[in-house]
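Two complexes follow with chain A in common, the first pairing it with chain B and the second with chain C.
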Partner chain A sequence: MTNVIQVAILGLLLGGVYALMAAGLTLAFGVMRIVNLAHAAFIIASAYISFFAFDKLGIDPLLSVVFVMPIMFFFGIAVYQALFRRIEGSAKFGEMTVLLTFGIAIMVEGLLGFVFTGIYRKAQPGYANESFIVDGLFLPEGDILFIPKGQFFASLLSIVLLVGLWAFLRYSQTGYAIRATTQNRAAAEIVGVNVRRVSAISFGLSTALAGASGALMSYLFPFFPFRHWQWVAVLLALVVLGGMGSMKGAVIGALVLGVASSFVVDQIGPTWGPMTFYLALFLILLIRPQGLFGKEVPV
Partner chain B sequence: MAILEITDVSAGYGAGPDILQGLSLEVEEAQSYCIIGPNGAGKSTLLKVIAGLLHPRSGDVVFRGESLAHRRPDQVLATGVCFVPQDQALFPEMSVRENLIMGAYLLKDRALIKERLARVYEMFPILAERAGQDAGKMSGGQQQMLAMGRALMIDPILLMLDEPTLGLAPQIAQQIFSQVEQLKSMGLTVVIIEQNAQRGLELADWGVVLDLGIVRFEGPSEGILGDPRVRELYLGKAAGSGEKK
Partner chain C sequence: MIEDRAAMGPEDSAPEPTPEEVQRPPGPARYRWYVLAAVVVALLALPLFRPMISSYNYVLTLGALILMWVAMSSSWNILGGYAGYISLGHSVFMGVGGYVAGVLLYYHGISPFLTALLGGLAAVALGFLAGFITLRTRGPAFIISTIALLFMFLLMTDNFEYLGGAAGLPLPPLEVPQEWLRVPFYYAMLFIAFGAVWTSYRVAHSKFGMGLRAISEDETKAEVAGVPTRLYKISAFAMSAFWVGVAGGIYGYSIAFIRPTVFFTIAISAQMVLMAIIGGKGTVAGPVLGAVLIYAINEFSLVVFGATEFNIVIQGTILVAVLLFFPLGVVGTLRKMNRLPAFLNWD
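This part shows the complex of A and B:
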């Protein structure tokens, strides 16, 4: 029993971080219908910023979100203005964004490989290898639970950022505009929302979330430029499970698959962890392509 | 004096042909207009051009002395021109109240927004009753009232309604018509597209018949209904039934 709880806790902690990663991806899709295949590449690029800030300047990776997020926000706006804005009116916008973001992903990967080489990186702040130990409580005599500090802090930061994002979308003027544009772009235009401005801001927010995710990745998961392909598959599984564009769905999808993969790793073996996501992606597309919270689209 | 002057406007979608082909029309303040014409005549396209959702390829749209031809929709709205499109005008996963608040998106003054909200609730009590409900879960008639209520949040000078009674049961359509009457009596300039030509023309002061992207006939509504050419060409069967082919 204690082992089951232990595995579930680890899964939930991972799920919290996945939720942050998926939130950015689903936001871009919700507002602009951009399936951003470069989202994971942006996360890895951000991980490099945090890694070197820690390695060279001794800045804590968790703290680095303070500058990584703004940097990635403006980077996202620049990418949007330079590349997406001009094709926004196109009837083939959907197809074009897939190719465009695929191209961006390859370019970012190539650039990172060129500058930082392909070797594995991982920041090692003090807490990365420490755990909180829980005993007593409801646990059987002598049993203990480990809560890895690094993952705990990462999860906590993810929750803070996601709650912040939720409150922003729920209560701010721009948040109203983003939700309106997500639900009905034409109607948003009619009530006076400048949908291009909203799109640019949303894309910036999406990449800022990739920035925060990268800061966490820098010490949680070893990374190198090519790794983003594995992550983008994981992220697609999360958002497809929840329903593309649904923020609530992305968070729930992330928690569910975080826990599921945690159990798979525990029961079958670590190499099967990523398989959980690919299998889930495959099954969802087969059984319920619109995901848990997505709207059914006529095929 | 006309508050809206449309001069020689040509417009179309993407690289497609001109849908509006040099259309001209003048709209007088505090008058109501009913636009009729066959499917595909360009009625909705005309309202989209006025609303800034589609830019004219040539010609001009001037509202109270200002050209709207190359303005963004939010800029057009800020001048007091508000458009309620034919369908899917709402934010389905927002509550009725949130939808109304979105209608006042351009306003900054919270006290004013509250005041407007109260006024819309007074005009459409059903919206007050359903304030917390998701817009997407309401009936067609209620959705139409919400779309109209939302348009009033900005207190427009010119209100354009694109087939507000489409697909509604006759009694519900009747309710919508009487709401429009009320807006007229409040001094709003109203332009309405109506499939049920008979009913729409009874409501409006002025009738405009559109076909193939230009204005074919216009005149006082009674005159239009009586004009044999119009009757023969455009009213025909549609006049009584209000059905869409």
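This part shows the complex of A and C:
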């Protein structure tokens, strides 16, 4: 019993981080119909910033969010203005974005490999290898639960950011415009929303979320440039599963599958963890092609 | 494109007319058949010029690889170009072919020259199965599920002992004198490339191909017009898997081992996509031209920059630039400008 709770806790903590990563992806898709295959490459790039900030300057990876997010925000806006603006009117916009971001991902991967080489990196702040220990409470006598500090702080930060994002989308003027654009781009434009500005800001927000995820990744998961493909496969599976463009779907999907994969790892073996996501993706495509919370999206 | 085809009339249901009848190339355009014949003869004869080629094995290896890429990007084009369903996981079929042929050789000693076709059929079977599930979605969700398919197979081959796990299986080399070792592989790849391009050509000039193009233009309208879209899409997926699987079987034998990271990597899919797009997706000649171009660029940058990550940057940059500035690719752009030489016009 204790083991089950332990595995579930680890899964939830993992899911919290996955949710943050997937939130950025789903935001870009929801607002602009951009399927960003480079999202994980951006995450890895940000992880390098955080890693070196820690390694060279001793800045805590969790704190590095303060500057990684703005850097990635403006980077995202620049990418949007330089590349996506050009294909705005193209007939097969959805496909174009996939291919374009595929190219960007390859470029980022190559550049990172060129500059930082392909070796594994992982920041090692003090708390990365420590755990909170819980005993007593409702647990059977003598049993204890471990809550890894690194994962715990990461999930906490991720929750803070997701709540912040939710509040921003819910209550700010810009957030209102973003939601309007998500619902109906043409109608939003008619009622006076500056759709281009909204799109640029949303893409910036999406990459800023990638930046925050990268800061977390820098000490949670070992990374190297080529790794981003594995990540993007998992994140995209999550996003399709939750329903493309649905923020709620992405978060719930991430939590559920975080727990599920954690049990798979516990029962079958660590290498099979990612399989949970792929299998879940194919299952959901069989049963409900539009995803858990998705509407039929015109593509 | 659709309109042109429709204007050509009822030949689609009739027994397949010869290409000349379909195209009726005006006088000068007939020379494309001579160009084709010359290329074919040159490719067939290349291995005979052993004394005149200084690094014989290198040239044949290079030739075999280019032919393999021609086959793979042409096959990808059936689904990605004609039907407009981009697959970023097509290397999964190469891997399936490679593993079927490789395992049969390793455990039962049957030559991949015989079993590669079996590998192709296995790839077709997987294509049907995967298509049945993934083609329930359109656009981005489909693309994503092809990536997931690829990673599933990477994970599985990585972890099955029978298949050699992450280290893969070593394959016994072909028992042929060293100086002739590359010849069988070269001819095998030549055969595969012919097969793939011929398949692509026949699809382009069939009712089936027309249906695929209709799907690519507007799937809903195609459906309303009576195209059995689901059947066509799944068939296209399966068909585009065949030659990729066969090529995988031969390729594994030619490098004498099979290993997950050799086949099940997104980089190989990326190459197919890049080649088809730069050449002109949805055209017959485009992927062929693109394969030669990209391969040449790769070799060139390897020589100039060495084996660094810089190659990857160049590929990504090319893909982005082509998409932004001439998304129709070389063949498509030339056609739009009315400058397409007849020997590249096979649509």
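Operating definition for what follows: the second predicted complex is superposed on the first by the 296 of 299 C-alpha atoms of A that agree within 3 Å, B and C clash if a C-alpha of one lies under 4 Å from a C-alpha of the other, contacts with A are read in each partner's own complex, and residues count from 1 in each chain.
Keep in mind that, in the parts below, a residue touches a chain if its C-beta (ideal position, glycine included) is under 8 Å from a C-beta of that chain, and two chains touch if they have at least 3 such contacts.
The model shown is predicted, which means the values in this text are computed figures rather than measured ones.
Legend: residue contacts after superposition of the two complexes on their common chain; A:Phe102 is shown touching chain C, with no touch to chain B. In the superposition on chain A, A:Ile87 contacts chain C only, with no contact to chain B. Once the two complexes are laid over each other on the shared chain, residue contacts for A:Leu281 go to chain C alone; chain B is not touched. In the superposed model, A:Leu57 lies in contact with neither chain B nor chain C.
By the touch criterion stated above, A:Thr271 is placed in contact with chain C alone, chain B being left untouched. Within the superposed three-chain model, A:Val232 lies in touch with chain C and out of touch with chain B [touch as defined at top]. By the document's definition of touching, of the two partners only chain C reaches A:Pro289; chain B does not. The touching residues of chain A, counted against chain B in their complex, run 91, 173, 176-177, 179-180, 183-184, 186-194. Per the touch definition, chain A reaches chain C in the complex via residues 29, 33, 35, 37, 83, 86-87, 90, 92, 94-100, 102-114, 118, 225, 229-230, 232-233, 236-237, 239-240, 244, 269, 271-272, 274-275, 277-279, 281-282, 285-286, 289-291, 299. Residues 14, 51, 53, 72-74, 77-78, 83-85, 88-94, 98, 101-103, 105-106, 150, 154 of chain B touch chain A in their complex. Touching chain A in their complex are the following residues of chain C: 84, 86, 88, 133-134, 136-141, 143-145, 147-152, 155, 158-159, 266, 270, 273, 277, 308-320, 323-324, 327.
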